[in-house]
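Pasting a structure here, questions to come.
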Amino acid sequence: MKTLIQNWKSKLHEIIYEADTPAGKLFDVLLLITIVSSILLVTLESVPSINYKHERFFDISEWIITILFTFEYLLRIISIKKPINYIFSYYGIIDFLSTIPKYLSLIFGGAHVLIILRSLRLLRVFRILKITRYIGESDKLMSALKASRVKIIVFVFAVVILCLILGTVMYIVEAGASSGFISIPRSVYWTIVTMTTVGYGDIAPVTTLGQFIASIVMILGYGIIAVPTGIVTSEYTSQYKIKQTNTRSCENCGTEKHIDNSRFCHNCGDKF
Amino acid sequence: MKTLIQNWKSKLHEIIYEADTPAGKLFDVLLLITIVSSILLVTLESVPSINYKHERFFDISEWIITILFTFEYLLRIISIKKPINYIFSYYGIIDFLSTIPKYLSLIFGGAHVLIILRSLRLLRVFRILKITRYIGESDKLMSALKASRVKIIVFVFAVVILCLILGTVMYIVEAGASSGFISIPRSVYWTIVTMTTVGYGDIAPVTTLGQFIASIVMILGYGIIAVPTGIVTSEYTSQYKIKQTNTRSCENCGTEKHIDNSRFCHNCGDKF
Amino acid sequence: MKTLIQNWKSKLHEIIYEADTPAGKLFDVLLLITIVSSILLVTLESVPSINYKHERFFDISEWIITILFTFEYLLRIISIKKPINYIFSYYGIIDFLSTIPKYLSLIFGGAHVLIILRSLRLLRVFRILKITRYIGESDKLMSALKASRVKIIVFVFAVVILCLILGTVMYIVEAGASSGFISIPRSVYWTIVTMTTVGYGDIAPVTTLGQFIASIVMILGYGIIAVPTGIVTSEYTSQYKIKQTNTRSCENCGTEKHIDNSRFCHNCGDKF
Amino acid sequence: MKTLIQNWKSKLHEIIYEADTPAGKLFDVLLLITIVSSILLVTLESVPSINYKHERFFDISEWIITILFTFEYLLRIISIKKPINYIFSYYGIIDFLSTIPKYLSLIFGGAHVLIILRSLRLLRVFRILKITRYIGESDKLMSALKASRVKIIVFVFAVVILCLILGTVMYIVEAGASSGFISIPRSVYWTIVTMTTVGYGDIAPVTTLGQFIASIVMILGYGIIAVPTGIVTSEYTSQYKIKQTNTRSCENCGTEKHIDNSRFCHNCGDKF
């Protein structure tokens, strides 16, 4: 009996966690369709004109999707050896959060807690994160981003400091010109909008000096975009090279990452 | 007799499909002029003030161009050995679609099917694709883009997911601020406008928290542009290297990666 | 007695200038909190609605922060061997400027010198520069930027010349179209806004020729962003390579460019 | 007598064309000041409020600058051996065009030819090109741009084709939505504004389908910026490497550009 359950569980595990068998592939495709449908429903529901017409349809669809996700969540828990590991893993939490919103809306039901219902609706959009399971991680890209993490944080920090100072300067310069620079936070917001070359135009300098400083901010923003690009490209290229020269491992000590054309292991001195 | 036609066909093939002979060059230049004229006419015809004045001129010009393209299309079919291959090739389809709109307008004529006439006009713009025949394909660039295709799709996918989540957050935050975030699709549209640093300004956050999140979206968009750039640059550089140092290995010592046009091995001095 | 003071001074120096001891770390954390609080206060004070309500709170907070910075400044002077070096160093000047605004407001007090008080407020934002002490300098990035400095200046100069000429052309073309191109400086401002892809939309061409030239400016701006990016990436990559493979040459065979931490020469197998 | 003039001419040549002697440096500095002053005057003259007040000042200043440039032009002609080479060189034409506007304004004087006077004013801005003499040409950058010229033209061409097709699609989609897509040229203009991430906001889609296509245009524009960046970076890096490995020339045949660590010339096989 125990072996039967064991077999059944391992079969289930294969279907749910792996994509090699036809049943596994079918499960993945169905799950993908459910996720995408769910996101589409949440999105369309937020459009007032559509929601007004099809309110009942959205309610029923949401229940169907919630039940499907509930099944998926339970199946994942019972088919894995250590459920606790799954429950507190990244995907475990995402799966749980994707399931509960509709149940919570029963508890906090009633039109008087609109703000909570809104947040629950928000919560549902995070279901898109379930899809990351199928994207697969781009190893090289990830390790390049990880390697350049510190530098990018330093860069972002430098940009923020620059925006703070230049925003304050603009606040002084455009004061009293009724051009929207009414406070430092707003001026800093404008500086970020300008330096990142977004440029809404809701706030724009009108004084000559303001426009001169704005020009400097723009050229600065236009130029320093080269910095993160340079960092990521360099790291990515170097990750690329590590891969390229990484084919041979030393038979003696097992070290990898030898320079091309090496005739001796750089770790143990063994002749290749 | 048969040989005569054969000769005539091969002569025609040379003129139409190759650009080495004077006749072939002349054909190409005439075709290019016709294509560019056609595009200019379609474009100008869409300007109400111009179309109003010269309606007759546009009609006649379109007939002339259509007849020229019809001739070209027929000549291409009869001068090739396997017409079926050409007809269903990329350029065969483009050539066919470039020719038919005016004929179709005879069938679907009458002012009551304006939407179809509009689409036919649209169809004519695709004639510009006939011009790609003359651009020539940038081998290295193409293979670099092909090599980085999967990574770029993953990147675009990640950007879309990010935009969906951040758009929903903005929808919640700016709700009731009458700043244009009236539905999730609209908020996601705003997030894409902002993250790609386009920044129209037709929708812009007005609440403090909204502007704070917007700032994060901008800096994020400003920073992650580095990712596709890094990918393409890396792949392109690696394509570049493969081309620049040839793959010939020295027969004497086996060293590889010689500079193009080397006449002696740079390691052992052996003559190639 | 003298030794006691000496000991006490070296102890103080350790706390203030180094971050290795628990006391030193505590000092750094407290200083960071003070700086960030100070910036937040300056920023919030500039928001009219907030300043109106909490004027007294801002005044008292500013005094507390000023006194803390005064203590820090004095401690830095007495704990260092050559105070004169510190006072006229980059951080010495920043620390001094961070301390004096409130004292100066006593001297220049009174509502009739609003412009001076405004500038003092501005001065206080530069306190953020105190934080650069903790960022740490990204060696490679800095040397890459230094190496590409001249080229970037030439690039910026070329962009400015291009903007000047194109701005003047737009001024001629859009003259009398009441689209905002009322003077050359304004047209040049527009050209910078467009070429850096910021695009406010406060000034936008309305004539057909104007929009055609604008399109060229945009595509130009879109393309030449590649130039600073190429420069910085190249320099950064070259800095990267210099760091990654060390300059140690093998004592036996003289081969250079070994991977870091190599213990044997990859060419002759000699032990380092 | 003849030798005296010869000496005097060579002395003059040294001052005007070279910057090594103190007199040469002084000449360069004075010329630079004159150019910058001239540009500033042209720019300020275009501001209606400034021009109104100081009309007389601008007239006199322009005469002084014109006379200075006339002297410079004449001196350059008489101090060079083959004046004809200079006159029809790039700088010769620039210098000539910088000198004549004021003289031409005497011929075409009178308020009734405003458009010509405007063009003359435009002409004067090109004086900034005189300054390129002092920028110095960045060899590597120039050769990188030259090497990537064809690819960049192909890229720009591809972008224009893409903009033409997508602009037409938007024209069809947004027809009748009164959102500014009134003709194909205007729609193509919008597509260029969007794809280059400028985003004025003077034209913006209002229909759902229009905003969806706009999102695709944006993400496309955001992504393909990577292409020119990749091209320039690659070419620039390769120019960099050619320089880096270019130190040793073969003693036997004089060939340069050997790979590092080469032990034999790759051209003649001579041992180093």
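Order of writing sets the labels: A, B, C and D. Residues in every chain begin at 1.
Going forward, a residue touches a chain if its C-beta (ideal position, glycine included) is under 8 Å from a C-beta of that chain, and two chains touch if they have at least 3 such contacts.
Computed from a prediction, not measured in an experiment: that's the story for all the values here.
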Outermost chain relative to chain B, judged by CA means, is C
Matching A-C in over half of the residue-numbered contact pairs, the equivalent interface among B-C, A-D or A-B is A-B
Chain centres from averaged Cα atoms put chain C and chain D apart, in whole Å, by 30
Chain centres from averaged Cα atoms put chain A and chain D apart, in whole Å, by 42
Among chain C residues, those touching two or more other chains are 185, 197-201, 221, 225, 229, 231, 233, 237
Among line, ring, star, complete and other, the chain contact graph is complete
The chain D residues in contact with chain A across the complex are 197-201, 229, 233
Per the touch rule, the chain D residues reaching chain B in their complex are 151, 154, 157-158, 161, 164-165, 168-169, 171-172, 175, 182-185, 188, 194, 197-201, 204, 208, 211-212, 214-215, 218-219, 221-223, 225-227, 229-231, 233-234, 237-238, 257-259, 262-271
In the complex, chain B touches chain D at residues 39, 42-44, 46-48, 118-119, 122, 125-126, 128-129, 131-132, 135-136, 138, 141, 144-145, 152, 155-156, 159-160, 185-186, 189, 192-193, 195-202, 221, 225, 228-229, 231-233, 235-237, 240, 244, 257-259, 262-271
